[in-house]
Each structure stands twice: as C-alpha cells, then as structure tokens.
Amino acid sequence: MMTRKIHPLLIAGTVLVFMFLVGPLIIVLGAALSDTTYLTFPPQGLSLRWFENIFEIDAFRRTIFTSLQIALLSTSIALLIGIPAAYALNRYRIQLPGWLSTLFVLPVLVPELVLGFSLLKNVAVQYNSPIYISLLFGHSLLVLPYVIRVISASLAAFDFSIEEAAISLGSPPLKTFFTILLPNVRSGVIAAFILAFITSINDVSISIFLTGPGLSTLPIQLLAHMEQFFDPTVASVSVLLMILTVAVMAIVERTLGLTFLAK
Amino acid sequence: MKRFAGWTLASPATLLIVVFLVLPVLATIVTTFTTPGGPFATYAAFFGSGFRRTVLWRTVQVSLATTAVSLVIGFLTAYVVSRSPGWLKSILIIAAVFPLLTGVVVRSFAWLIILGKNGILNSTLLKLGLISEPLTMLYTQGAVVVAMVYLFVPLMILTLVGVLEGIPDDLIQASASLGAKPAATFMQVTLPLAVPGLIVGAVLVFTGSFTSYATPQLLGGEQVMMMGTLMYQQAMVTFDWVAASTIAAVMVVITIAIVLLMTRVARRLNPMAV
Amino acid sequence: MKNVVTTVLAVSAAALLSAAPASAQGKTLTISWWGFNGEKLESIVLAPFREQCGCEIVFETGNNGERLNKIQIRNGGGVDVAYFSDSFSQQGIEAGLFQKIDPAKLPNLAGIYELARDPQGGYGPAYTIGRVGIVYDSTKVTTPITSWNDLWREDLAASLSLPGITTTAGPMVVMKAGEHAGVDAFADPDAAFAAVEALKPNVVKNYNTGSEMINLFSTGEVSAAIAQDFTLGQIQAAVPTVVWAELAEGSIATLNTVNIPTGAAEPELAYEFINFILSPEIQQQLAEQGVDAPVNTSVTLTPEQAALWTYGADLIAGLQRIDYVQMNAAKSGWVDRWNEIFGM
C-alpha cells in the first residue's frame, strides 16, 4: 500500500496512545523480573526465578498445556463455523432474518459467569457429559462473536460482484472462496484469530465453572495460586504469554509465507 | 435458493449458539419467573432497590464513556496504523495486542503503581508543582473508565485496521485527484465507509464493559460497584442464583436495547451500514 | 490459505486425541481444595498417602465460593474430600451437601484440640486453625492498635482496608461494629451498621483477595487492615514494619475444615485420607514446612517455627468464636446493607 502523508498531529496522538498502551507493560515486565517475593516496581534485584517457578510448579505446567489446547481448538472451531456465518451475513443479508446478527453477539451479551453456570448445570450435569466438552464449547461460544463480527466488518467492504464474476467464468465455488474471498479478508481473519486466541487463553469467568476434578486452565490455576501467594509469578506469566503470542504470530506469518497484515 | 445457501452457511454457528447458549441460559433465566413471590417478584425487588438502580445507572454511564473514548482513540490510531509501512504495522499491531495478555491481577497492580497515592502520576505532578497534595485517582469512576479503555482500545484497533484496509485505495486517490483536501477525504470518504467497523467495535466494547467484572472490582472496589460485580456477589457468595440470574436478565435486556439503538443511529448516519 | 486450514485441522485433531484423560487404575480419590502449596503438599501428604492407599488422586481447585457452588450444582457429587474455611463449610452443611461424620472411623480425632474435633455439629473436623485480627504498619500508625475499637480512631482516617463483605472475614467486621456500638449485631443490625458507616471515613478500599490487600500495603495506599494471620508473612516481606496487633478482646478463630460430600464416590477412602492428614507426623511436617498451623496437640514447634502460627493451647483458648449458623442466616441481608454504605 502506498504511504500517504498523515497529519503530524495524528501521528503525535498515535504515539501517545501507544505510550498509554505500552507504559503499564513496562511495569509488568519490571515486576516479573524482580527478585522479591511480592509484586513491586521498580524491580529490586533482577532474577528469572519467577519464570522458572511457572515451569517448576507441576500444576502450572499441566494447565499451560490445557489452556493452549483449549485456545487452539476453540479458535479453530470458531473460525470454521464463524467464517461461513460471517460470509452468509454479508452475502445473503437480504435473505436472512435481521435478528440473526443479534443472535451472533449473544455470547458477549450474556454475562460469562451466567453462561458458565448454565453450561455446567443445564448441560454438563443434566446430561452427565464430560466437563471437557462444555469447557471447549463454552470457549468456542465465547470467541465466536469476535470471529463473526471482525470478519463481517472486513467483508462489508468486499465487492461480491468480483466473486460472482469468477463463478460465472467457471471457477468452482470452493476454489473461488479460497482464491478470491479469503485473500481479501486476510487481515480480518488474522485479527479474528488473534483476538479469539487471546480471549480464550486469558478467560477466567467461564472457566471458573467449566473446570472440574482433574481439569483446570492456567488463569484458574493462577488465581488459585494468588489466593495464598502474592509473588511476581502472575507478572511473569503475562510476559510469557506475550512471548508466546509473538511466536504464534511468527508461525502464522511463516505458514502464510507472506508479510501478514501488510497487503 | 439464496435463502437456502445463506442458512446452510450460517447454521453451524446458529446451532452452536442455540444449543450451548440460548437453551441453557433460558433454563437459568426461567428460574427467576418461578419464585414463590410471583413471576416478576425478583424484578420488582431489583428495581425497587435504590442501591441497585444506582449500580445499573453507573454501569450504563461507565460503559458509554468507555465506548465513546475507545471509539475516538481506536479509530484515529487504527487510521494511522493502517497507513503505516508493513513492518511498522506488524509491530504496532503486536504492541496493541499485548495489553490483552496481562492478567487481571498484574494489570491492576500496574494501575496501582501509576495512579496510586504514591504512584508515578501523583509524584510527577507533585514534583512539577502542579498539585500540593496527592490526588485520589484510584477507586473512582474515572479510574475504572481509564482501565477499561486500556483494555478495549486494542480490540477497537484490531477491528478497525481490517476495515480501513478494506477501503479501496482508488476511492481515496479519486477523491484527492478531484481536489478534496485530506481532511475532507477523511470525513466524506473514509469515515462513512468505516461506519460498519465502528458499529462492530462499539458493540463489542459496550457489551464488554457492561458485563465486565474484574476491572471494576479491582480498580473501583465497592465504591464503584457495577452490575457484573453485584452479580458475582450474589452468585458466588450468597449462592443466590435466582437473584444473580435476575441481574443477568436485566443486563442482557438493557445491552440488547442499547446495541439496537446504537445500530439504528449509525444506520441513520450511513444507510449502507449493516 | 489452504495450508493454514490443513495445519489448523491437523493440530486440532492431534490436540483432541491427546485430550483424552488417562484412565486411572483402581480407585481414585478426588479432592476439592484451594490449589496452592501444591509442591509441598505433594511431598508431605499426597505421595505418602498414594503409597498407603494404592490409589490415584485428582483435584478440583478454586476459592471457597467457586468450589462450593460447583459441588452444589452437582448435587453434592464429584468430589470425595472437600476443604473449606468454616463459614463456607457451614453454608455447605445448611445446603445439605455434606455427610455426617462417623468419629469411630477417624481414630486421630482423639489427638487434636477439642475445638477442632467437631466444630459444626456432627460434620467434618478442622485440620488447621487461624486468626482474623488487625495488622498495621508500625511506622505510620504510631499509637499501637490494641483493641477492635481502635479501628474507629481519627488518626486512621483514609488509611484502612477492610475485608469485603463477601469474604470469610467480611461479616466479622459487622459483628465487631456491633460490639463497638455496644449491641449484638444479630439483634440490632441498625446500630451495628451505623457503626460501620462511622468507620467509612477511615476506609480507603475494601479488599476481596489477600493479594489485593498486600498490594495496598506495599504501595502505601493503606497502613492498617483487618486480615487473616496467614497473610502476615507475605505482608512483612513487602513492608517489614507491619505487625500483628495484640487485641485486648482477642482475635477471632477461623478453622479450615474437611468434609465428605453426600455424593462422594469413595467415602471410605475419604475417611482414610482425613484420618491421615490429622496424624501427628503429617501435622508436624505441615507446620514445620510453613503450610498449615497444626491442630494436633502433640505437634511441637520451636518459637521461630511457631512465630506466625496460631499455635499453643493458651493462645487458642483466648480466641473468639463465631456462630456461623447465625452469621450465615444474617449474611444476605448484611450484604445489601454493606453495599448501601460502601457502594452508593
């Protein structure tokens, strides 16, 4: 994309916004590296022991794996069913009822705590189904609105006549979808992936009820730890999640084989 | 035929929401209508309490403020980000996502360091001689709004960068070549085309802040109690799920109403929007 | 893009396959507890118990409210042993979630303090004991705090943190406010809440978790708080000048209990486990390692080991007890009145 001149005031504003966004992170990083048994800033003595702590405590190791698993699976499910739904909402807007798009925001409207409670009571216990299923679908539900809404927003500017032209020229619908449509909403899909993944891996409210004997997620385990210990482990987990996100994004970029987000 | 194709594509998502959300949550909400006091007793009790009305009104205020501020900041930032060169854009987006990765506890700790009585902001202001005594910034509505804006601006940026990139370059160049000043192009071409994205962002931010629990809990405390905090109290401490579900039902109805209102106003502004 | 979809699907499939829980051989004991101190509990309690019973052990973790909610939703099922602080186990008892205990199956009951054996009328025993009292920063609060009534002192203006009404210690604040006003808070809540209202100018923020309170101390937001004794060590790590107030009226006793839910799948194993954790050897080790204060009378600690604990017959005899039956009955009304004072 061509870079045009942007008003200097706008650039100054953006710099301020990013200072606002990054400033607290410096405090988090500092606290994570502190050699004290409590959260403090500026750090007193530098140490990596709170990072080691995450891997030394068995419960954290296990739940990191569960959290990653649930985040990847639920994001995949949400993308698999969310992209078609977003497509349908835009392409067949006139044919589909108006309440459908409201239905798709419901997971953000209903307080997560109530959703978690209802899933445990009226699904897991009622039908005696494994709690893992409820946790997975609970998370898929939770991230679905982000997927549908974000992709819808980028589809709104898409000119469907291009797609029709391709089909009328004999391109099979599925191929058209992959070659014409997806490349055009790529940054939307990536934004949706990132948002969904992060929402799931950080979730507390739904997971409170949807974890059970033998099944827990990292944020839940971390909260349990924080009931008794007030050490910088929380900060180091945050930093670790940031490193992990950069890694995931790098993998996405490699897999796609292009500079993602930059058209 | 088109109707059929539309439904086929939308059905898996619809099914997931109906089976795992609508039905289980309805079963919970139904319990609020079957109390011994009559079908609407719990709602009468809710709206009869001055304290609960205060909390509801405060929640609406805080959420609207958060949405408005996030919209403005998010849109302008996303505009600059979407017009940055590729490498810078990737870095900026990653930087925008990071705040979402900080756990609640550590994030509230960071705000304590910044906004606290002995915090960075207060000591800077004291040093500069702008104030003579530390200001009380924590545990106010303002602190809650700041902390929520912090959490929701990334969401707004991510949503809007995709939308702004979708706006064809030719349109903007055409506008410029026809002699429109950049500001006019922005107001008359870019902004209207971004309205669908702005609605999406506003809806996600508003609902997110309306139902938030942890941020008001930690930065507002009991002084700035919001609906989410109140509901948590009822559910987790007094185990009163009927009262908690009542609060949830009120929250859902009010958020849907406000979301519909926002969509309608936006549609007025731009009939092409969703 | 096709590659991405294939990759995602492959990863998902692999993840699903590995998600299947390992099937346990023989019996499995399920414990519901807080989920902290995992490493120490593993080596002191779990590993030897596993050896003794030849069983698997799995956990449900979370705070009191979350875990009790889950047991209630499952109608008393899902776990075999449930750890709770006494105000919550009382709620569980009232909701009919726990079985009556047969003392004959717990021989080690004989060796523990009288008040820990049967604190809640036929239900589970307490395995540890703690105190709720006042902590304060001795450099900022120059006149020592020696009574619950001192909380209302003017020199504590805007420097106090109370436990939120929703925490274990929250309702105790109301009871103390009643005593300050010279009434029984259960009989005359109006007077008690008037005293709570009078306390409000001293309050900066009420806390809901220990970590919040410690952050409030370490950042200098507050200089005094009502707290549980197990937090003292961590506050002192951040602010060494914080001390535990010696109160004329005594601190309040809190007991952590172990119960067997009505739907327990392995009640016999649960009895064996409870008896195990009350044994002198285990109690001695837990106390020495800084995990839990002992209830077994034969545990002996050096003064250093005992420093932060609620330890010793004399100290325990001087603690105040709470009538949780009465407190839980009053709690939901109190929550509203409390909210109206602090949340308006």
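A, B and C label the chains in the order they appear, each numbered from 1.
The working rule: a contact is a pair of C-beta atoms (placed from the backbone, for glycine too) under 8 Å apart; a residue touches a chain by one contact, two chains touch by 3 or more.
None of the values given here were measured: they were computed from a predicted structure.
Peer 1: Could you pull out the chain whose C-alpha mean position is farthest off from that of chain A?
Peer 2: Relative to chain A, the chain with the farthest C-alpha centre is C.
Peer 1: If you count the contact pairs for each chain pair, which pair has the most?
Peer 2: Contact tally peaks for the chain pair A-B.
Peer 1: Starting from the mean Cα coordinates of chain A and chain B, work out the distance between those two points in Å.
Peer 2: 16
Peer 1: So, what's the distance in Å between the C-alpha centres of chain C and chain A?
Peer 2: Between these chains, centre-to-centre, one finds 34 Å.
Peer 1: Between chain B and chain C, what's the gap in Å when you average each chain's C-alpha atoms?
Peer 2: Computed value for the inter-centroid distance: 35 Å.
Peer 1: Which positions in chain B are in touch with at least two other chains?
Peer 2: In chain B, the residues touching two or more other chains are 105, 109, 113, 235.
Peer 1: Show the residues in chain C shared as contacts by 2 or more other chains, in ascending order.
Peer 2: 66, 69, 211, 215
Peer 1: Which residue numbers or ranges of chain A touch two or more of the other chains?
Peer 2: If we look for residues of chain A contacting two or more partner chains, we find 39, 117, 121, 223, 226.
Peer 1: Mind pulling up the chain B residues that touch chain C in the complex?
Peer 2: Those in contact with chain C are residues 49-51, 54-55, 105, 108-109, 112-113, 116-119, 138-139, 217-218, 221-225, 230, 233, 235-240.
Peer 1: Would you mind writing out the residues of chain B in touch with chain A in their complex?
Peer 2: Checking each residue of chain B against chain A gives 2-3, 5-7, 9-10, 12-14, 16-17, 20-25, 27-28, 73, 76-77, 79-81, 83-87, 89-90, 92-107, 109-111, 113-114, 150, 153-155, 158-163, 165-169, 172, 182-183, 193, 196-197, 200, 203-204, 207-208, 211, 213-214, 228, 231-232, 235, 241, 244-245, 248, 251-252, 255-256, 259-260, 273-274.
Peer 1: Can you list the residues on chain A that touch chain C in the complex?
Peer 2: My answer: residues 36-40, 56-59, 69, 72-73, 76-77, 79, 117, 120-121, 125, 132, 178, 182-183, 186, 208-209, 211-216, 220-221, 223-230, 252, 255-256.
Peer 1: What does chain C use to touch chain A in their complex?
Peer 2: Against chain A, the touching part of chain C is residues 1-4, 7-9, 11-12, 15-16, 18-19, 21, 30, 32, 34-39, 42, 58-63, 66, 69-70, 73-75, 78-79, 209-211, 214-215, 218, 230, 234, 237-238.
Peer 1: Which residues, counting only chain C, touch chain B once they are in their complex?
Peer 2: Listed in rising order, the residues of chain C that touch chain B are 65-66, 68-69, 72, 91, 95, 164-166, 204-206, 208, 211-212, 215-216, 219-221, 331-332, 335-336, 338-340, 342-344.
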